[in-house]
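What follows is subunit A paired twice: with subunit B in the first complex and subunit C in the second.
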Partner chain A sequence: MQRIRTAPPRYWLVLLVVIFFLGFPTVISSFLASEWAQALILAIAIMGLNILVGYSGQLSLGHGAFMAMGAYISAILAHRYKMDYLATVPIAAVVTGVVGFLFGIPSLRLSPLYLALATFALAVVTPSLIKRPADLTGGVQGILIVQPDPPQLASDVFGAVTGTAMTSDQWIYYITLACALILFWLAWNLARRRPGRAMRAIRDGEVAAAASGVNVAGFKTLAFGISAFYAGTAGSLFALSTGFISADTFPVSLSIQLLVGAVVGGLASIPGPLLGAIFAYFLPIGSNQWVPSQTWLPDQITSTVKNAGPAVSYGVILILIMMFAPNGMVGLIRSGYATLDRRLRGAPDPKTGQMPPDPQTV
Partner chain B sequence: MGALLEVKDLSVRFGGVVALDRVSFDVEAGQVVALIGPNGAGKTTLFNVITRVYRASHGTVLIDGNPVQSIRAHNVIRHGLARTFQNVALFRSMTVLDNVLVGDHVQTRSGWVQASIPLPAAVTAESAARKRALEMIDFVGLSTHAERPVAALPFGIQKRVELARALVSRPRLLLLDEPAGGISHEEVDAMAKLLRRVHTDLGVTMLLVEHHMAFVMGISDRVVVLDFGKKIAEGSPAEVQRNPAVIEAYLGAA
Partner chain C sequence: MQEFLQLVVSGISTGAIFASLALALVLIYNAMGLVNFAQGEMAMFATFIAYTLVNAGMSFWIAFPVTMVLAFGGGILIQRVVIRPVERAPVLTLVIITLGLATLVNGVAGFLWGYVPRSFASPFSPDSVDLGGVFVSYRDLGVIAVSGLVLLAIYLLLQHTTVGLTLRAAAHHPEASRLLGVHVSWMLALGWGLASAVGAVSGMMVAPILLLEPNMMQTIIIYAFAAAVLGGIESPLGAVVGGLLVGVTVNLAGAYIPNAGDLQLAFGLGIIILVLILKPNGLFGRAATRRV
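Here is the complex of A and B:
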């Protein structure tokens, strides 16, 4: 009990998570490392969406389009213009960010529902838009991306720890992890300071935000730009990690997957996108494998899941989350912790509403 | 040099409805002016024109000599004019401190790049902003509530939070929309005391809309009376109370 009372500050938790992600590839297979890299990539994209939807309160159903854009900018620069792939990642991120910012300007005039429709339309047209300039994008054939070999130093360090040489997939995992750490750190800084507060203020009430001096239009387009910057980075890394992209790599369902991840993880929180991404990435894979192997389930259910696995499992889990944890996994954890804390500390004073002192602060 | 706020010949129409009809009055620096009138007289509409939520159909509003039409909504506060809202418009998902910090938005300049990286300047500005916000929270008497989410607080407390949010940027003119509306007797007295301190200690000029007559008469230097969008009287609280047109508007024809 005493240990819960003196619960570790959040920094310890962050450190623990970072160490976990640093060490994880040394104990899992190269293939699994590549899957986790994609989960981290999804986390970056979901963080971008979280800034837009969770913090600034603008709904986007088309963030897969920004991922596609980042992916194709990198792929084309690397494939056609023989640039070093890693150098193309920041270019893809910045260009996508600028496009997102520009997309945000006309979006200011749209009511929330129409904004959702406009972004959804963006996601719908993306695959056909990609197919059109076939010379540039490779059309339906897509573009093959040469995955980089790990540099000698990284390979040596990894070899010293695990005893086996580092594969490209493992190297890409670490690149992704580095990007994710930096981008999550930036988002955390942004969210808890002046710009993040301004965005949340806009989400909670535009008139009051403007009366407080917040440039509503400015911060809304800014949120779009930053959000697209994250999605562009994620797209660029996604192309690198799969090694091949085509128009069908970025279906409408990708945009939905991002939104599901953002909501399930917990909107307007920093750990939320990470949890949501792990969920949104592994749930369809897991349910596709697990459900058909269960003999006690009726055949109709197993065959349905086989054919439409992700959709069915997303649906079920999403309904459950909305019913029992409307603030996502992070909300669930926070309220659980708050309940525990209240049990241990005692109830607030009924007269003043004042809580007993927090053992962590005294 | 004119008054801090000048309302000149102001008319606002919504379709066929005339919400304000050629209203003129001034608010001199250092005064407390009350705007009273029956429901639907156009008081809140007037506030919304002054803070650029609505547009005037005719006439002008000058803030410190600048026509409000040429100021964008989010820049009104940069001309020293802050406001509160009739039914409290707090940022409901945020804590008291964060709400007040949003009110401090215009005092710091750190943008998204400085905040994300974070540059030392942004970090210093942030802690200075926190200090100002906590001081203002203390001024309105809510220091024990600073870290609590506003949505969980009683209405009377929320009104104080909103006041702190409006005051933290140190405005010269404060527009208060029913500061004593919807709160208990004791809270009304406490609010009157607090507003007097805002006036004397912080030197803020105030224009307030209020229905609570004892409250209005106790606090204001001058009273402007609106009825059906028209100004029907203006003067000291005592003069207005004796004015037959005002009595008729409130009580109906005798």
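Here is the complex of A and C:
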């Protein structure tokens, strides 16, 4: 017990999660693997949003637009210029990152409220901006993306474990997982080192941060750039995983979904975006499968709930989390763990000084 | 020239709709320094109520004030239940909550009335009148007249009644007002109610032009944002002027720029971004000074 409690950031937990995600596709169907790949993609985008909102304190309601940009850069390069799709992912990420960085410069002048307003407008306008250059983006018809076959080596290893050949969906899952691992590792390093400290200082008090020698403008635009880099990667992978993108792939609700994931998981935390993404991705899917399976509900109610359900539940959850658990799931888990830990040690409550009941009874 | 004038008049008519919604945004901004992202959805919900009343056989001109009263009550209710517990929270929290509110109201409307677009009969005759060579439709004139009356009523209420005075006092100097015996919290609720009622007018005026469905206000709210930002987000007069300017600009751009169609909404975004970069306080806003 003592050793676990004093262990530094719980490496064993991270290891467990990585092993889980590595092994998961070997026991689920190829279709489910592609769903989980999309949840991981959402996690990458939400991590980007988390760096911007959670760490640097700038609110963007338009991250779907950056995802759209990454997706279209990759799709156009692969479709028109016949590039290898995987080679386009880093290009899309870097270009979107640079655009995000440039977008961050005028944003410096805006108050948080105006920034939220401008990015929200951007999210609403995105679909019609995509439709416009129709010969480049395919307009409403969209672009079809050829999903790559898994390479021989990966297919052989996968075949040796499961006994069936690897599908391209499963291959895409592993590509996504690799990207997610790298990007989460980078974010973790960013958060606990100088840039992360600087961003948090800016979030908590811009003037105080500047007085302590933090380059406020530099770190704020840097946060925007990094955040867009993540969103661009996610968008590019998203296009690969769905195999088709069009203007309507990136509605406002995508940006809202990202925000829901970031808030529900827990802002300014590293595991938060992963938890939030799994929640935000599977909540509508889960309710869409559960509600029609209830035979006692009349058909008409079923179909409306299917349409309106995600919006209602997202709305209620956003409001409740912001009111009662502003640190999201991670915050709840942490405070729950701290309480449990205190009880096990028999330490008094830090606020009231009240002693816990006899440890044996817990 | 004649075509130009006709476009200007119909632009003023759409601008009047934007102005009502922008004024609603300004009222809430003044009350608590917050942009209410749910304003459009609240207006949409109120319009659905009006639609239900009219369908139940009520005349439009009775349903109109009834809906405004209901929207007023709804606004107060939302403020009491959702906003009041987090009144002092950081802006980030408040914005996310209003966004959650927008999603929620949208979903509830979809749940109650479905997503199939419905036509909302216009209370005005479809004919046109000849004003010195310029043909103006009664619908445009009606929208301008109704919105103008509502805006005038709000102006009189804010500037020439005791309630308006306490409302403004509570918004600008909450502490001093509290010392003078003003119920600041209830005044904020009143601000939400008023905003909700004014917003409802924009919904009821725009529904006959667009089709009524839960996502109807999603584009209108962007124009209203543009109008509020252009006029200076704390100025009620600015919201009205901004609304009219945005309406006329968008209408003219839509007509004279070839194939503008989809891009009209992008003009809204363009206005927001240009104003924020060039003149962040808008036309009528005061320069914000901050003590550090």
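We take it that the second predicted complex is superposed on the first by the 319 of 362 C-alpha atoms of A that agree within 3 Å, B and C clash if a C-alpha of one lies under 4 Å from a C-alpha of the other, contacts with A are read in each partner's own complex, and residues count from 1 in each chain.
We take it that a contact is a pair of C-beta atoms (placed from the backbone, for glycine too) under 8 Å apart; a residue touches a chain by one contact, two chains touch by 3 or more.
Everything numeric here is computed off the predicted structure, so don't read it as measured data.
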item: Contacts of A:A118 with subunit B and subunit C, given as first, second, both or neither; value: second
item: Touching partner for A:G163 - first (subunit B), second (subunit C), both, neither; value: neither
item: First, second, both or neither for A:G213, with subunit B first and subunit C second; value: first
item: Subunit B versus subunit C as contact partner of A:L186, first or second or both or neither; value: first
item: First (subunit B), second (subunit C), both or neither touched by A:R197; value: first
item: Which partner reaches more residues of subunit A (counting touched residues only), subunit B or subunit C; value: C
item: Overlapping contact positions on subunit A, where the subunit C interface meets the subunit B interface; value: 207
item: Of all residues in subunit A, those that touch subunit C in their complex; value: 53, 57, 59, 61, 106, 109-114, 116-118, 120-122, 124-125, 128-129, 131-132, 207, 252, 256, 259, 263, 304-305, 307-319, 322-323, 326
item: Touching residues on subunit C, where the partner in the complex is subunit A; value: 33-35, 37, 82, 85-86, 89, 91-93, 95-97, 99-108, 110-111, 114-115, 218-219, 222, 225-226, 229, 262-263, 265-266, 268-269, 272-273, 276-277, 280, 288, 292
item: Residue ranges of subunit A touching subunit B (in the complex, touch as defined); value: 186-187, 189-190, 193-198, 200-201, 203-205, 207-216, 222, 226, 268, 352, 354
item: Complex contacts: residues of subunit B adjacent to subunit A; value: 51-53, 73-78, 82-83, 85, 89-94, 98, 101-103, 105-106, 108, 110-112, 115-118, 122, 125-126, 129, 144, 165, 169
